[in-house]
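Look for chain A in each of the two complexes below; its partner is chain B in the first and chain C in the second.
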Partner chain A sequence: MDMMKSHRHQRIGTLVAAALVAAGILASAAAQSAPSNLEGVWKIVAPTKTLKPISGSVPFTPQGRKQYEENKRLQAKGAYDDYDITLSRCNNPGVPRLMMTPERFKIWQRFGVVTFDFEWNRALRQIDASGQPPREDMLGRGLVPTMTGTSKGHWEGDTLVAETTNLSDRTLLDDLVAHTQDIKVIEHLRLLDPDTLEDRITIDDPAYFQRPWDAVLTYRRQPAAVFPEDVCLDRLEAHQPVFPPR
Partner chain B sequence: MSKTETVSGSIKEFRWGAPHSSMVLIYLDKAGKQQVMSVVSGSPLAFSKQGLAPRDFHRGDKVTVTYHPNTSGGPGGAMATLTLPDGKTYKDSEAAAAGPPGAPAPPAAPPAQ
Partner chain C sequence: MKTELLWKSGFERVILTGVAALALAAGGVGAQAPPNGGPPAAKGAGGPPTFGLDLPPPPPMTPAEKLVIGLPAPMPGAIFPTAPLAADAPMPTADPRDLEGTWYHNQALAFRMQRDMYGVPVPYNLDGAKVLARRVNSLKDGAPYINASAICRPPGPQWQHDLNMPFQIFQSPDAIEFVFEEYHGRWNVIMDPAKASPPRSKEYMGYSAGHWDGSTLVVESSNFKQALWLDVDGTPLSANGKLIQRIRKIDNGDHAPFLEIMTTVVDPSYYTRPWTVVRTFGWQPGLTVFSEYNCEEQIGDPSVHADAGLVPEPKD
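Right after this comes the complex of A and B.
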């Protein structure tokens, strides 16, 4: 009887192992079917708190400038909770500010979805480049914006083009620049070489900016690693910076 | 829910969620000192049914709120009505309907300031 049980357990174990291998092969195939493989561990080359336009200065509208100046005033007072709930409460920094975190992030490509797995506070964002039609908004109201919004992507050659909308206006673009809920963030992500990833970011928010403007962030490939746990609120409690200097 | 108070102030933050959202309001207390209170409200869908969406609420908007104060006596409570600067109003009729028989209906929303 014990022998029969042992054989049954072995058979189940073999089946489970086979299923896991098959899932791994499928996942790997899914990553390889994308025009470019962005997978790996990445880290920003030049950590910054400011999303700098490629040329000139941020083309604020009067309304956008007013909000920026107000945020500067609050920053000078140290009233972070009044304008930047990432600094005061470790809220998700949103898009594109997550892409400026000084710590590493991993990219996974599975079934057409590109997942960014950030070391900072274990944050996540996803770009859906699967080609699936957008989820039906059954109530027709597009109700609640979120910190990382909704990112739809497609491939243009070896470049992943992502458009993020439905972003909460409770996030900032960087440590000072605000946006409205109507912002569109368009990103062009591509490998400049096997170890360098570029994210060209276009900010389009007519209420706060006179015209769309561009910024570029660059990342260097890092050795594969398991990220240690990172709890931003622990840092806050210990009076350490929300974004640790690296 | 037996008491209702009215306060005017400016929105610091609206935290949308289900089943409850909450509005953080900056207001002046009786001594004229700036204070902050949190007023719990319904889900986004409850607002949507009355023609309001998150994009109708902005930081700094001047609003008038009637609310059922916290039994603890701490600032804030449960939202009964809300009036936005453009005159749009919200009334928490769902919570009132779920109240015990004979509970008072929420008051009419005050006019915009």
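Right after this comes the complex of A and C.
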């Protein structure tokens, strides 16, 4: 009888161990590599074209103010391609402006990389929080600043902290405010509650701003969805708004 | 190895085994004994070896075959090599229905799909051959046609995954989403049509409905916004054509798992029958961070013509 009990316990133990192993095999890379799960479909709570400082006004340097006023002048003239090639060409809005698109976006977390998949024009940005060395760059593409730059991230508790550099100066921070290639954008992304995502953005660009300044954007979780195909260039060709009105 | 004889109407030729192919290459082993005995045929008597079989001559070429064979050869494709996976690299899960991960085409780009997965020439009808011929010749003539890829539009599922840039797969019960580096592309496979019915307007990537057949994901893509170029040279698919993809994850235990996509082209407008090609994509978690793809910056430039200097293709 004791031997039978012992065999039964062994069998149960083996089954439990197998179940645990299977659960481990099937667990997503997201759960294994990130302290917080930001995955889901999100939409900005308060759509805006302007990146507003948390307090006060944008602390322009004289050079930054001059470029801002020039952009306003060009905007009044409708000379969009001279200062905002997102409006004139559907150019990738870049970081942080992508985070202000009024449509939805999805967040995926795989292998320590956080991928933002935007409904607007199927745009993409990624934050690399994997800690792995960058992939080989045989074509030297990393030498050229890009619209979304290079975003390196790490977790501080439940907050994803991302620093983005190597940003092209062909983008704007919003619909008017310019920046230089030396800009550094720091983001703190965290869940305020299961259905609310916050992106606290710090803009650091000494040539255009007297000091770093902060803005905050908030997003509400949306139901799971497959995004319809959005092709901004088709809208542009049809003389429709690059950012559809809401 | 076996010799397969395909004498179907129109197009197929005898397919020789590797031995026979070597025989042709060697040029001398092809001496055959005639069926009723007697001395073997003299070396260089002409034609492929018959092995004593009384084979009928191949059918004459159709006009479509002649047209396609007469085209300039496609450019040779290349591939950027990748290092073997590190010993401690994350690996795919053991679940055969979990296709999630980052994948990268591990074969050279095929500028023009000339043969199917069995080595049989693509079965063009005359209309299809004419479309291919005008596209290939437009390049030769220095007046290439507008196509989706050239003007920064989604190129359709086949071209999208045929390019040597990585993609990620994300799965949920309702859909399997492919996200590509190139063209910042998307390919959504709807697993539960009740939750994602076809969109109100047709999409460049079409509408793709998937289901599992054992461990194979079977996807049917149709309802395309426009006719597709299946590759760089313009192998055609009409807007009413259909692509059937069979996708499975393969791990041979050699630390080099890969994804296999068999695509069957179904398009009676251009082909005499369905035909299938196979592509494989290596598991590459190290390529999860994509390079930015921002073709809009150039194509959307209002100071240049929106067609990128290409010419409109004549409508069929």
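The definition used in the following text is that the second predicted complex is superposed on the first by the 204 of 246 C-alpha atoms of A that agree within 3 Å, B and C clash if a C-alpha of one lies under 4 Å from a C-alpha of the other, contacts with A are read in each partner's own complex, and residues count from 1 in each chain.
Everything below uses one rule, namely that contacts are C-beta pairs under 8 Å (C-beta built on N, C-alpha and C of every residue); 3 or more make two chains touch, one makes a residue touch a chain.
What you are looking at is a predicted structure, and each value in this text was computed from that prediction instead of being measured.
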A:R110 touches, of chain B and chain C: first, second, both or neither? second
A:R170 touches, of chain B and chain C: first, second, both or neither? both
Partner chain(s) touched by A:I85 [first = chain B, second = chain C, both, neither]: both
Greater residue coverage of chain A in the superposed arrangement, chain B or chain C: C
Which of chain B and chain C A:A207 touches, first, second, both or neither: neither
Touching partner for A:R122 - first (chain B), second (chain C), both, neither: second
Partner chain(s) touched by A:I186 [first = chain B, second = chain C, both, neither]: neither
Contacts on chain A seen with chain B and repeated with chain C across the two complexes: 85, 141, 170
Chain A contact footprint on chain C (complex, rising order): 80, 90, 93-95, 98, 100-102, 151-154, 168, 170, 172, 174-175, 177, 179, 184-186, 188, 190, 196, 199, 203-205, 285-292, 294, 296-297, 299-303, 306
Contact footprint of chain C on chain A as seen in their complex: 25-26, 28-29, 81, 85, 88-92, 108, 110-111, 113, 115, 117, 121-124, 126, 128, 130, 132, 134-135, 138, 141, 146-148, 170, 224-229, 231-234, 236-237
Contact footprint of chain A on chain B as seen in their complex: 12-13, 16, 44-45, 48, 53-55, 58-59
In the complex, chain A residues that touch chain B: 82, 85, 139, 141-145, 168-170, 181-182
